[in-house]
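My questions will all concern the structure given below.
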Amino acid sequence: MSFCSEQLARVQPIWERMLDHRFLKETRDGTVAHETFANWMRQDYLFVEAAIPFIAALIPKAPKDHRAALGAALPTLEKELELFRERAESAGVDLRNVEPSFTNHAYVQFLLASAYARSYAEAFTVLYVAEKAYYDSWMVVKAGIDKGSIWYPFVENWTSDAFKGWVDYLEGELDRLAQDVGAAERLNMSQLFELTTKYELAFWEMAASGESWPGLPEEKA
Amino acid sequence: MSFCSEQLARVQPIWERMLDHRFLKETRDGTVAHETFANWMRQDYLFVEAAIPFIAALIPKAPKDHRAALGAALPTLEKELELFRERAESAGVDLRNVEPSFTNHAYVQFLLASAYARSYAEAFTVLYVAEKAYYDSWMVVKAGIDKGSIWYPFVENWTSDAFKGWVDYLEGELDRLAQDVGAAERLNMSQLFELTTKYELAFWEMAASGESWPGLPEEKA
Amino acid sequence: MSFCSEQLARVQPIWERMLDHRFLKETRDGTVAHETFANWMRQDYLFVEAAIPFIAALIPKAPKDHRAALGAALPTLEKELELFRERAESAGVDLRNVEPSFTNHAYVQFLLASAYARSYAEAFTVLYVAEKAYYDSWMVVKAGIDKGSIWYPFVENWTSDAFKGWVDYLEGELDRLAQDVGAAERLNMSQLFELTTKYELAFWEMAASGESWPGLPEEKA
Amino acid sequence: MSFCSEQLARVQPIWERMLDHRFLKETRDGTVAHETFANWMRQDYLFVEAAIPFIAALIPKAPKDHRAALGAALPTLEKELELFRERAESAGVDLRNVEPSFTNHAYVQFLLASAYARSYAEAFTVLYVAEKAYYDSWMVVKAGIDKGSIWYPFVENWTSDAFKGWVDYLEGELDRLAQDVGAAERLNMSQLFELTTKYELAFWEMAASGESWPGLPEEKA
């Protein structure tokens, strides 16, 4: 079995919990509170912004035949941010002066620290899981959301053929990388696979709960 | 006013909340549950372990006259871990096979990402605040804890003259670094000062609450 | 005076030596040996390839308003490599299986180490000087080279308006960064300005001399 | 055969050239010019100083059981620098205000870039080869140098049992790492083994020739 299939099977209980999250189901069913989705949008804008340094930091460690794909992802993310700003504006959501929530900040630090201190195959595992989780999560929403919903354009973005192609590319390459590494590195990759899944679940939880910083009253967060 | 004094004044509301945390007060008063303190001990062992790569990652960016002090901190931390293992054993706490909690993992990623992606003065700010918060927090506990408590040796470690000397050294150097940087970098330093304080508060909160991973049932965490 | 003007004036004796290099003059005058230029082409292909990880490594440290420009440079460099391969083929130069010369390898290590261990403004200085040196050097060649020369397309590439625009952008931004930093960092930037100029000179020297590895007979290099 | 034995056999022609270098033989025979050895001493002082950030940068990537040994190497190197200053003073050599030569600067950049952008096993290869080359080289000198030579204390330092123990430790660990990695990484390790050997040879060549910066007249170097 390929590395990705094996790992997806292994983390399935967490993965299902993620896909079954109330944030996704309420968005799909049109029952999500406007402020809840708006909060997610503000936080996710910061997250997408932070994905740029993460992917950039992977490039110096990448095999040469990965560089073009990773390099092309940077202008794509810049365009995605532009789209975000346009759509947010039309939905009346203000993306300026947003501070990252605790979970968002933590997840971004995890991405960066992985890119710098981990091996390429380990950090690439984190990238794949983050993108795959996004695709699968938004496919859940796509299955039921009204196409007239003001949130529909977001659903479209991460369920597009282009995005699916990117996730498929990452999956194929991760399977290849996993074949080449030694046993200790493969074990690390498997731990990071699970850990990234847990961060993804935490992100939906943060979006749904409007989390404040641990130990601080809500207005400080 | 020096940079550190100015910043400590600015973040005072969060700092006080940290010093006033029930975990510290209950440890001071001898009312903390054994399992609560044991949980903190297991998590903090992992945190001290992770401080080694953090400090090591600062060294290549450090001015030459900082290298000896930072380099000497690494064997000191190794000795601290040894002490941890001894004391944990005598208190009947098992430090093996512990997984980092969400907040612990997040804080460690924040340390590493700061060391790699931030300027030296910015990452040094994170180091100072983490050490200063530790010193001040354990001084709260020291003020009332029974010297016969099985947890007393931990209190002693982080309230010792040697540890105070280290914190004072960091404070003096941070003040000096802050004088030398430009306005944009000083603003970043000030944001990281607050952010590190918030992570410290979150760490006590995690210790007291026995936090599980967001969105996962307790046994998964 | 702006930082760049001040520094260019300061390193002028080395800069002039670089622009006055026999490799440039012989290429301009059409007297360069085919194998000499081919050797440069093979080495420079590797150097351009290595500029991709260098620029990528700058991105996580960059201010947000630099990210789009740096990110866009990566696909541009990929296209430049494509051009290189096409032009090399039409000139009968084989770019496969080339090993970096000593000076080339050293220069690339200097780029990477600067991106990782230096502050952003310091590493950005290295980027600017490398690009500015290229533009000025090829302008020397452009002033006299026969447009029918098989090497003309290379001259065109680095003397184009687009490339000039990039160098001008870097110059403006470096001047701005230099205004914001403290005195110690500005001194480091000034040392790196000179050092990069010296590496650029060494690169032409390597191209002209067909250098072998120090201490090794020619066929080993 | 172990990885190190296999690689040492493979690079033997370069290794022998290194051990056979006139700088080592003249130092052994007492015929080296005072200024030649003094020049080496000034450059090597800078190199040892630069080994501190290199080793520090390895620590965050190291397996946990390597951290104590690498961490202990930092204070050891600080003590070595102290020794250097004392011995230089007694030999009338001024170590202040020395600029790195081209080869020295290049080698240091190679160390740093390897620590940051390469996998741990790859960067550890560079560390081992640099230390092993030093031990073997100074053993050549030790075989014949007069114990009354003013340079003798240097010979003693790098041929001591303590230093041999360090090199043996690195060799055992590198052999272990090489068993664990995949084929692509092992190939990279083998290329870095050769490359580091070539940098070591270049260092003796620089010491013997009093090299100036390529393309610059001697007084500029």
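Details
Letters A, B, C and D name the chains as they come in the text, with residue numbers starting at 1 for each one.
Here, a residue touches a chain if its C-beta (ideal position, glycine included) is under 8 Å from a C-beta of that chain, and two chains touch if they have at least 3 such contacts.
What you see is a predicted model; the values in this text were computed from it and never measured.
If you match contact pairs by residue number, over half of those in B-C turn up again in just one of A-D, A-B or B-D, and that pair is A-D. In this structure, the chain pairs A-D and C-D differ in their number of contacting C-beta pairs, and the larger number is found at C-D. One finds 37 Å separating the Cα centroids of chain A and chain C. Between the CA-based centres of chain A and chain D the separation comes to 44 Å, rounded to the whole angstrom.
Chain D has its Cα centroid 29 Å from the Cα centroid of chain C. For chain A, residues that reach two or more other chains under the stated contact definition are 53, 57, 60, 112, 116-117.
Chain D makes touch with chain C in their complex at residues 13-14, 17-18, 21, 53, 57, 102-103, 105-106, 108-110, 112-114, 116-117, 195, 198, 201-202, 204-206, 211, 213-216, 220. Interface residues of chain C facing chain B in the complex, by the touch rule stated above, are 60-61, 63, 116-120, 179-185.
Residues of chain A touching chain C in their complex: 49, 52-54, 56-57, 59-60, 64, 67-68, 70-72, 74-75, 77-78, 112, 115.
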